[in-house]
Structures are given as structure tokens and as C-alpha cells.
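One chain, chain A, links the two complexes that follow: it is found with chain B in the first and with chain C in the second.
Then we have the complex of A and B:
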């Protein structure tokens, strides 16, 4: 279990989960499944009450709605852990958040709020630049937009839902990213799922997608009907091999040439904390003639000296990326997504995107929030707040990673990424980490299969520019304590 | 010897050799062959099922150099209307300022006039100063705000169902709900005229889709009978194939209402589950605006899932599904748009809650809306050259050309009409479709939306303008 995280520049290939932890993971899963079958058996013979909802009697004779394994997982595995996830909050998702306490009278089948709330240090919300606040110039501007435009829109962009604030948002976004034009949508997830099919529609298209790409990308790729090939996470050799193979062998069966090839990668991967090797991807794309789709959901605003994202981080000209996509939820404290690129690309999307034709436009006050926060980041508001926040975020992220590593945790991802996951592995410990940290007033999230591989369950921290030194130290102390208690310091 | 003794006793070398010598010859031969085969498999080179093309390095490099992709996107014609959308400034209430001109708004789907309601804006403002704008996380990762739980609760109570689940985007609601239940191998009977979001949900589900003629229950019954016949041939498969019927309360593309009682009859006769998309009928039909079930007096327990977006009657953003807990709870793990997307901004959630409260306090609003729909429908039906498609009580009606020619020509004429109407102070829009992507693209039309705040004068004025313009253009 040797490690030498210290001194490594880009620990992409961190050592795999410690052997013992991996063993325990499999053993725990086996025990869980065994218990699951036992409980199901007891329920069937009536010794245990079936607390999950069941179908009405009227529905006897209908084919069961859920396959038997789906129900099994939900009843016996997910329900045991559910009290960890989905805790409601009652304050803005800033660095200190009020979490509502819940209790259950029937062993976690149903929850009720106790009425008490607990102020926690927020390491869970995607609030990289600290714009999730309830006061300040952004909020005032949003309130004004609310008075001016109302809440809803009730129409799509191509009909009567195109407000001048949407156009302002798009020009601001294009200016921010340094590209010709941009188009915005009301939901980040839908930006991928409704536009990738438009770009890669019809037969004869190939999508090369990173292993760890987000569900929205996978859905978008599937809906378009193109052939999808997955390459190993951030592995440029594998990508090159697949590219070569694709061009040489052509389409499966007919061997005709592919019409187009699209490489889809993310700026920062949310569960890995790794940053895409953009220079290599661009080199490969140029060499072989593929197109590049870059999903900057987590990296826009969070990376780069002026917050312009992963292109600035690597010193790449944004016009080298064919399709830049991102969301406004994380770096800007709002909601929605954008796609940016050449005018020709954006014109095509304006005309043929599923969203502009059928879906409701972004709410005007939300658009205003994005505009205000973007202008602050760019420094157009006349202050240095944007610059300071970006620098603070970078410093916080580096500090937190270094301290975690020094403590002995196995930290995943790259040094500069504000997403800091650390390995926990064993399912029981994953749940325990969340609960123990919550007891110590730290709100943290964990990820397990299928978001990560089975043996690499982890806890994830999202650093914010608004975290102060005290908050980070307090959080680190709590994590260290929990790490000792649960034996998570695998690197020691 | 007792059984336990036999099992517990270890096998000594001697006994093993004895067993070997005593075994029949054929047994040994088979064992040896098996061992040889296993060793052969272990050491043989593995090969890919796909024949790898055997080319020389030079040929490969040539192929790589020759390959030219087609352009990422084709050129879009400069005069396409989507590239020159109308610009709205200010609130799109009953009156809307479009391209600088104030018009009567018959284009946005703001049926109950909630867009611009001061009470809602005040509530949203309070929420803004309490929660900020974004919720910065998905529901499972501290993105659940108490206002979400509150709205889900209110929606469940209002629709008189057990549970409701909230989505952050209207389109994503039904498009995520369908694939959560219907998987590859299941069968969905869907109305031909279903909206695009439903079509995308069906595509994502990879199920077998059988379209029945628009609003034609006999055609649906015929298809169900055929399916029943197929089932008899293969009862094992039928026992695990889920069936669904997917309809809309009021069809967005046609403005007509689904004949629900007959559908419920078919449900129990052929054992299919009903999913209804009620975006255009929630807050419109029924004495209390509960939708098409209340309109027909069908108990809501007979419907398996109701999905609606909050972007029409509630004039907010997002959508919800409601039904039995048994059904809805499943989406909390399997609804893609729920699990993998940031939750609805709290301010928009509060706006929807407030709109619901208003709907509860003023149940008379629904009858008022329907009356205005009927007035407008009657007036528009009398315009020469145009025909009105949709039920009289539907707040969505489509104005189609009475004498249609080609699609491109008709669309152009309707566009010209809309522009002219706009010049004369009535905002209308041509219904937009992605013609190549739709399963059955409806005929070109102007989609008229009724707002409960319309007065008789407004309706007369609008009719007069449209009549004039129709005369001019057609």
C-alpha cells in the first residue's frame, strides 16, 4: 500500500483502492445481498412487514411495473442508505448551510422533519465562486429583472419566448468565452440531451465518449442514434487507438467512411476530480479530423486565471474547440446551460435545437443572475471581486488537497481541480462517513456504484471561493477525526 | 457409515489413485479430452469477433490522410425565421411588447394570467432574498430545499394523489418519466399526435412504440386486440412485457381532449397502464382545475401517472409527475432528469406554490377561462379562409388554412399573417415544429392561446384584426 502522492504533478493514475478495502467491499456487498434475500423471504412469509408501497388491488392481473431486481435493490440496499442522501436545506446553498434534521418512525421507510435545523459547513454544493448568496449585487439585479419580466416565460425561443435579456445573456456568454456566438437553454442536463442529437443526428456518425462522462451526455449520444464508443478515462493512447481504428475500418459491417466523428470530454469530471488532458485531445482532433465537444459544467468559472475554464487553464484558444458547452448552475449560482462556438454552429442550433423549438425559455431573473455573475467574473462591474474569488478558489483547492493528502487520505484527481474526492471504498464506511461528518456539522456527499466503480466508492468535497481558512481547517479536522475512526487513511 | 463421516473424512492419495484405476475407461477419456481442450483454450490467441482489416502500415496511413469529415453542421439559410425571432421586452402578460410594439398577447401559454401576477412576484422576491437564485446541486446532494418538499406536498394534495415529484424543466419531465418505467421489450401505445417531449421519452426508453390514430379509441382497441392475440401465442413473454398507453389531456398539437372514460375501460379490459401528459389541461379542465380526470369524473386512482409541466397554467418553470407512491417513488432513483440534474431554483418553486394557492382560492377562474375559450373559438370559426382546430373549451386552438396547399407555402402565408397581425397590435405565433424529427408533423397552423384575462372587447378586436389580415394575405 505504498504511495507517494507528494511530489506527483498530475496524479491521474492514483493507485487503486487498497487491497483490504476492496476485499471488504465485496464482502459487504455479499452480506447486504444475503440480508436482502432474507428480509424479502421474511416479508413473503409474513414475519416482517412490507413497508414499501405496493400496487393497488385494482391492478391485480397487470404485468408487474418493476422487474424483480429493480425492486430488490431499491428495498434492500438503497433504502438502508437513503437517510444519508437527500437531506433538505432551508437556506441558500452557501458555505454555511442550514440542514433540516429528519427522523423516521419506521426504519427509514418514511421520513418526517423534526423541525430542528443544523448549521453545517457546506462541502457539498456546487458553489465554486460563491455566487449562491442571498444578498449582494447579483441578487439585487435579479430582483429587478423579476419585477421587469415576471417569473415564467410560457413560450419557446422560436415563438414568443425570446426576450431581450436572453439575447444579452448570449452576447455576454460569447464575450466571456471568447468565441463568436453562444446559445443558452433553461436546463443544463437538457442542453446535452437535446443538442447532441441535433449535431450528431442521422446514420454514419461516431461519438467517442470518455468512460466517466455524465449521464446527460450518454443520453444525448443515444438519442441521436449515432454509434458510440467509449474510451478509457482521460487515456489519450486509448483515444488515439480508437480514432485510428474508426477511420481505418470505417462503419461496422459496410466499412464505409464515417460521416463525422465527435470526441466528447468534460472539463472537470465530477466524481473523479480529474481535469481533461485538453492539449492532447486537441492535438489528436487536429491530426485525425475529428470534432471536439467540451462539457465544462464543472470547470467554467472554476479554472483558469480569469475563470474562463479549462481552455484558459491549458492555454488553448477557445476557437480550437468546436463545441463548447457548459452549465450556469455551478460557477454562476444560477440554472441552465449554454453551447458556444462559431456563428454557423449556433445558427444551426437556433434553428434545429429541440429546446428552442419546443421547450420553454430560461426564466428572466435566472438569466439576469448569470449576466451579473459573469460580469463580476470578467471585472466589468468595476471591482476586483471576480479576480479575488478566482484566486481564492484556486488557493483553497490547493490547500485542501495538500492537507488531505498529508493526513493520509487517497485523494483523486488533479491538484488544481476544486472537486476533491477521496477514497472510502467500503459501502458501510461510505454511509458512515456521511453520517459522522454530519454529526460534526459538515455537509459532504459520497458517490458509489454506479457513479464510480464498485471498489472505489468515495466522498467528495466541492471547494468554494467563499470558504474561509477557519472553515476549511474545521472541516479538515472533522474529516481527519472521522478518517481515524473509520480507518480511511489508506495512504498511511 | 453415517453420511457426515463420509463427507468429513479427507481423501488420501491412495484412495485417489484407487478411484482413478477403478473408474470406467470412457470416463477417463472424456476427462482427458476436456483437460486438453481447456489447455488449448487457455493458450490459444484470442481474436476479435469483428474481422480486423488486414492492411499494411502505408495503406493505413493513406486511409487516415484521405479521410475528410463532412462539416459539423450544414449552413442554415439566412432568412430562416428562427434566426430572426421576435424580441420581447418586459412582461408577456395580457399585453406584450414585441419588437417595440405593444400587442394583445394571444401567443404565450399563460392561461390563468399568472405571469405578471403581483402576489406571485412578491412571493418569488421573498424567496430570492431568502434562498438566492440557484440550488447548486441535484436533489440527492443537498439540493433539496424545503420549498421543493412543500411544492411536492401541495401538488399531491391538490391533485388528490399520494405523491408528486418535481423536475427542473418541463420538457425533461415526461421525457424522463417514460424511460423510468418502460424499458426495452415493453410496449407503449402512443397517440400519433403526441408532443415532441413524449416522442423523445419513447426514444430514450427503447421500447416498442405502437402509434394509434389521433384520439381514435377504436383504432387503439384494434391494436390492443392484435397485441392480445400475439400474447396468446407467447404467454411467457407476455407475462413480463409491460404495456402502457400514453396520451395527453389536451393535445398541444391539436387542441382536442382525450376521451378518458373509454380509455379507462380499455385499461382494465386489456391490462394496460395509462400515462397522461396534462401540461395543457392542468389548471384548465375540471371544476377545480385538476385536469382531465376531474373533467370526466374519472377517479384519479385509475390513472397510473400524470405528468404536467408548470410552464403553462402555473407560469413558472419546471414540471411534476403525480400518482401513487408506488409509481412515483421509483422516479427518485430512476428519473434521469431528477437524479442527474440540479434542482429547480427555489424562487421558481415558490412562484409555482403561490400560483397553486391562487388556484385553490379562486376556483371560479377555470370556468371563466373555459368561457373565454368558447367565445374565442366561436368568433375565430367564422373567419373565412381559416378553420379552427381544437375543442371549444381548450385554451389552445390551431388556426389552419381552410384550403391548404404545400407545407412551405402555407407556412409562409401564416408567417405573413402573424407579422401583419403584429403590426396591427395582436401578437400571434406560428406553431413551430422540427419537421424532419416529428413522428407525424401536424399541418401548419397559428397556435392561439387563451388568457383568462381576455375581455369580450379584446376577443372582438383580435377577431377583426385576424379577419382583415386573412383577407389581405389569402
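Then we have the complex of A and C:
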């Protein structure tokens, strides 16, 4: 039980963009926007070639299909930096990955491959426990499952797509998490977007969702038609205030009591690297009688002494969380998602989920990959590999974060989380970080406005258990060099 | 329910007092919150100051003309970006085009009136008008120009004109 986390003020309460960097961000964006208007003007008068989508001449009199103003950022600002995103890779996303180089002859509108490959240290893939490998016990078991079941399932769970391997996967997942039952789906995003409407459909439902929740949760919440209230990121006082307001004033208009209230939080937030304050959420949930939906997409397998996720990290009984959700894409190196909880909940989902009724079930080799990796983590395969990997991940994450902080970067998130974003703020520098690191054979992910807040453009590193000390040191040296060159060490 | 909120407001009650909630992936319109971000007001003042200094350095303009020009350019820019351009420069696939018909001013803070950002943006032309009147020594011609541009930019900001399109101009 990790009592040391109770009551400790987390680092995320302190980090923010430095003032001058924020001002410089606004000026950069203003300059980019001015040049964007200039380029649009040149395109309109014909001096510049218009490569964005337009209607054919025959359709000019109709209601326009493409809103040209909505594409402003995409055309003028993202296009300048799009060569940094979507790079094709041609090897499995292990600790080193082969990235195909490409060039563009018309300012990033069209790319072509140069034929060269670049072997980069992979700081971008969500490969927390290192299960995305080409060889090993998981791969052998998966190959066997492939030969036994083939690839395609050709049916949904409720028709003829319910394999015995799916049942085995679900019992293994339930055993792994320490709950009564679990149900799995073929796609992680769809797990949220297809099942939240089932659980919170109809009138009189209220969803309290964290500010930085993933798009799948937002989509699922909207599809169900319930009223959504957003509380400040990981701010338990704000959550309590919203809970009290909701219960006191009731439904909008009639002021009658809500049928049910659901709090949706994530274990680790992928762009912030912060860990949810689960103890406070459970205390509030019990006090005010709300339900809790915990999305452990990034934290399952990555947190906790035995990899059981954020509930083990905080020492919480998993049965206190009403609906546990997670994905197999990150910690287990497979694809798909699960929802776990009481037998009543899972039986309801087995009947009513859109996914089980209409969507194809998980492919058998993928299910086998999850089963093998889960058993390795639990130690049921008889080796210590699982324990070693979890310990290595925790050590790597702590080491990397500490070194980055010591170098002077503003690092977001909690000390134990394997997602390490550091602030870059200015749009030009965000692109430069991506390019410079790629030159030094490091692959990492960056995010800018409007995908992040306007002053908090960042680069994000995902630590893996398979990263060796030398790789991390090499990466840190490269990041430090780039940080000196681009003046990113805001804390110094 | 608040009477000043227009119809068609999303059921999602927003956060973002510091502009930190506005990202396209969270389904919140960044246009509504980015003016609350850290340092934006100071940057606004600095931008106007730089504009003024640039105008002051043009050799054939005297001080009064430079101040009036600052006021006029600021107000015209304010009008175009806040009240003429509608929609968002990025895709808003979560709100089914509801913000496409709203100007930036109407999108700020999701239509809530009398927030601090709106008060700041309302005060900026007023302060510039006062400064310009002082530096032009209350000359009548300059006064008329400054007053008319100030009214041009203040009247659309009144809550009574939220969502109003006079003679259907700029409706779609």
C-alpha cells in the first residue's frame, strides 16, 4: 500500500508556462496568422497555387462543402509542421524503430519517400512494459493462436464471434484486476465511445468529466445525451463543488433529483503525465453517492507494484471503483479494450453494448497476445520477467524525470508516471524540437495549439521498461543539447 | 437559467478560467477560452504599444495624427477580428457547426456576459480613446474620428447586441 502518496502535493500543482515564453507564443502565433492571411490572399488572386480541397466548378452555386475559414489553421499553420507527424515506420515499435525518411517538393502538401531509413531511439510509442517485440514467449504463443484460429473473426460477439479464447481473455482480465468479471472489445477507443452511452443513456443522467479526458470519453458522453459538467483537471475541490451544486439544484429546468451521477477520470492522462488523485475521488464518490468510471488506458500495467494499475498504486480496493476500463494497446502490446466490474454490470454490457451487438470481436492472435503478456506480468508463466519489467519501468521513469528536471526543463505530471511531457510553448520551437531530435536519431511526439492549451505546447516522451540506461542517457544528452540550442530550459 | 445566454449553448458547462481547458480534443472551443490565458492581456497591451511606437516613428506624422491612427487601426483590427470574422479557424467537429455562425466576441466564455475578459476588451478601446483625446488636444476633427471608431467597436460588444445581425449583414 503506497501511503506515501496520501496528502502529498503533487508537482502538477506547480508547473505552468513561463511568462515570457507565453508572451512569445502569442507573438509567434500572431505572426503565423498574419502570414496565413497573406498566403490565403495570394491564393485567392491566383499568385499561389491552391492545394486545399475545393469544390468542382459545377458545384460553385451550391451550399459550400468546404468551409475555407475552418481550414485556416490546417492550411497555413499545421501544413508547415506536418512533416513532423505521421512519419511512416517499418519495424515493430520496440525501443528502437526504423523511420522512413520523406521529402516534399510542394511545401508539405505531398510527400514522397526518399528510400532512406533512420534507426531512432523510440521515445514515442506507448510501449510501457516492452511487449511490442518481434520475438519472445508472447510472439510464439500468438503465432500458435494464429495457426489455430486464423486472423479474421467474421462476426460479432453476440452472433458467432465468441471464441473460447475471448472467454479465457475475460476471465484472465478479471483475475488480473481483482474484480468479479470483465468484458473485452476489439478497439480501445470504441470501448469508451460505445459503452458510456449504454451506461449513461436516457434522461436524468449527469456526467462529471475531468477537463483533460480523452476524446473517446468526450464522444461517449455526448453520444449518450446526458448532461456533462467538466471539472478542473485533477482538482478535487472543484469536483466537490460541482457535485454539491448538482445534487442541490438537481436537473436543469425541473430541479428534480438526478437519476445517476457518474464521475469519469483517467488513471494517467496521456498529454499531461499526471496521475489521478484516486483517494479523494473515492472519498467524494462515497460521500455524495455518485458512481466512478476509471479509464486506465495508460496506467494499467504501468503503475503499481505488480502492475495492477492506479488502484494498486494508491492502495485502493478495485471493488471500490464501479466501472474499471482500460486498453490493451499500451501496457500489453496488443489492441482492444476492456471494461471490468461486478457481474451484474458486465452481464448488462454483454447484452446491451453496441460493440458486442454490431462490431466484430477481437482477432484471436491479438487476444492471445494479451493473455500471454498478462500472465507474464502476473508471474503465472513461472518466470520473474513481469516483476523485473515493472521495476525497470518505474526506475526508468523516475530517472528520466529527475534528470530532465535537473537539466532545467519544465516537466509536467507526477514523478511516478511513465509519460514525461516537457513544455516547449512557442510553436516554432515545437517544430524545431521535433526536427532536431530526429536529426539526432530520437523519435518523440509533440503537441501544439489547439491540440494543447495555447501556452502549453509540449514534447512528450513515453518511457518503456525495455529502455536501457545507455539509451536513456543518449536521449537525455540529445534533449539537453536541443534544449540549449532552442533555449527550452525554462526553469534555470 | 441565465437569460443572457443564447439558445443553442452546448450542455457541456465549461471550465478554463485560465484558458487551459481549451483544446480541440477535449471538445471545448479554444476560441472561447484562449483570451483568458496567462499573459494575454499584457501581450495585448504590448502589441498596441508597439503599433503606436511604429506609427510614431513615421516621419511625416505628428503626435496627434499618430495617436488617432493608433486608435483607428486598433479599433478596425478589433472590429474585424472580434465582430466580423465568424466561426473558428480550426475544425469544430464536436458542436455540429453551432459556432460557425457566431463571431469571436459571441464565442468568448461560451456566451456568458460580463466576464473579466469581456470587461478588459470593452475597456481597451475606451482607454485608447481617452489617451488619444488627450494627445490630440481635443481637436474637433480628431475627436469625431476617434469617437466614431470607438462607437463602432463598443456597440457590438453590448450584451443586447449578442447574436444580432443588423439588416442581415454577416448573418451566414
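Simple rule for what comes next: the second predicted complex is superposed on the first by the 471 of 492 C-alpha atoms of A that agree within 3 Å, B and C clash if a C-alpha of one lies under 4 Å from a C-alpha of the other, contacts with A are read in each partner's own complex, and residues count from 1 in each chain.
Assume contacts are C-beta pairs under 8 Å (C-beta built on N, C-alpha and C of every residue); 3 or more make two chains touch, one makes a residue touch a chain.
Computed from a prediction, not measured in an experiment: that's the story for all the values here.
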| item | value |
| --- | --- |
| Which superposed partner A:125 touches (first chain B, second chain C, both, neither) | first |
| Partner chain(s) touched by A:74 [first = chain B, second = chain C, both, neither] | both |
| Partner chain in contact with A:187 - chain B first, chain C second, else both or neither | first |
| Partner chain(s) touched by A:175 [first = chain B, second = chain C, both, neither] | neither |
| More chain A residues in contact - chain B or chain C | B |
| Which of chain B and chain C A:228 touches, first, second, both or neither | second |
| Touched partner set for A:215, first chain B, second chain C, both or neither | both |
| Partner chain(s) touched by A:58 [first = chain B, second = chain C, both, neither] | first |
| Which superposed partner A:252 touches (first chain B, second chain C, both, neither) | both |
| Which of chain B and chain C A:387 touches, first, second, both or neither | neither |
| Interface residues of chain A shared between complexes with chain B and chain C | 67, 70, 74, 214-215, 219, 222, 252 |
| Residues on chain A engaged by chain B in the complex (per definition of touch) | 53-56, 58, 61-67, 70, 74, 78, 85-94, 97, 99-100, 113, 122, 124-127, 131-135, 138-139, 142-143, 146-164, 167, 186-190, 193-194, 199, 214-216, 219, 222-223, 244, 247-249, 252, 255, 257-261, 288-291, 322-323, 327-330, 332-335, 344-345, 347-352, 354-360, 362-363, 365-366, 369, 443, 445 |
| Contact footprint of chain A on chain C as seen in their complex | 1, 11-16, 19-28, 30, 34, 37-40, 42-43, 46-47, 85-92, 94, 100 |
| Contacting residues of chain B [partner chain A, same complex] | 50, 52-53, 55, 60, 63-64, 67-70, 72-76, 80-83, 85-93, 96, 98, 105, 107-110, 114-116, 120-121, 124-125, 128-137, 139-146, 148-149, 162, 168-172, 175, 181, 183, 195-197, 200, 203-204, 238-243, 268, 271, 273, 301-302, 309, 311-312, 314-317, 324-327, 329-330, 333-334, 336-337, 339-342, 344-345, 347-348, 351, 427, 429-434, 437, 447 |
| Residues of chain A that touch chain C when the two form their complex | 16-17, 19, 22-23, 26-27, 30, 33, 67, 69-74, 211-215, 218-219, 222, 227-233, 238, 252-253, 449-456 |
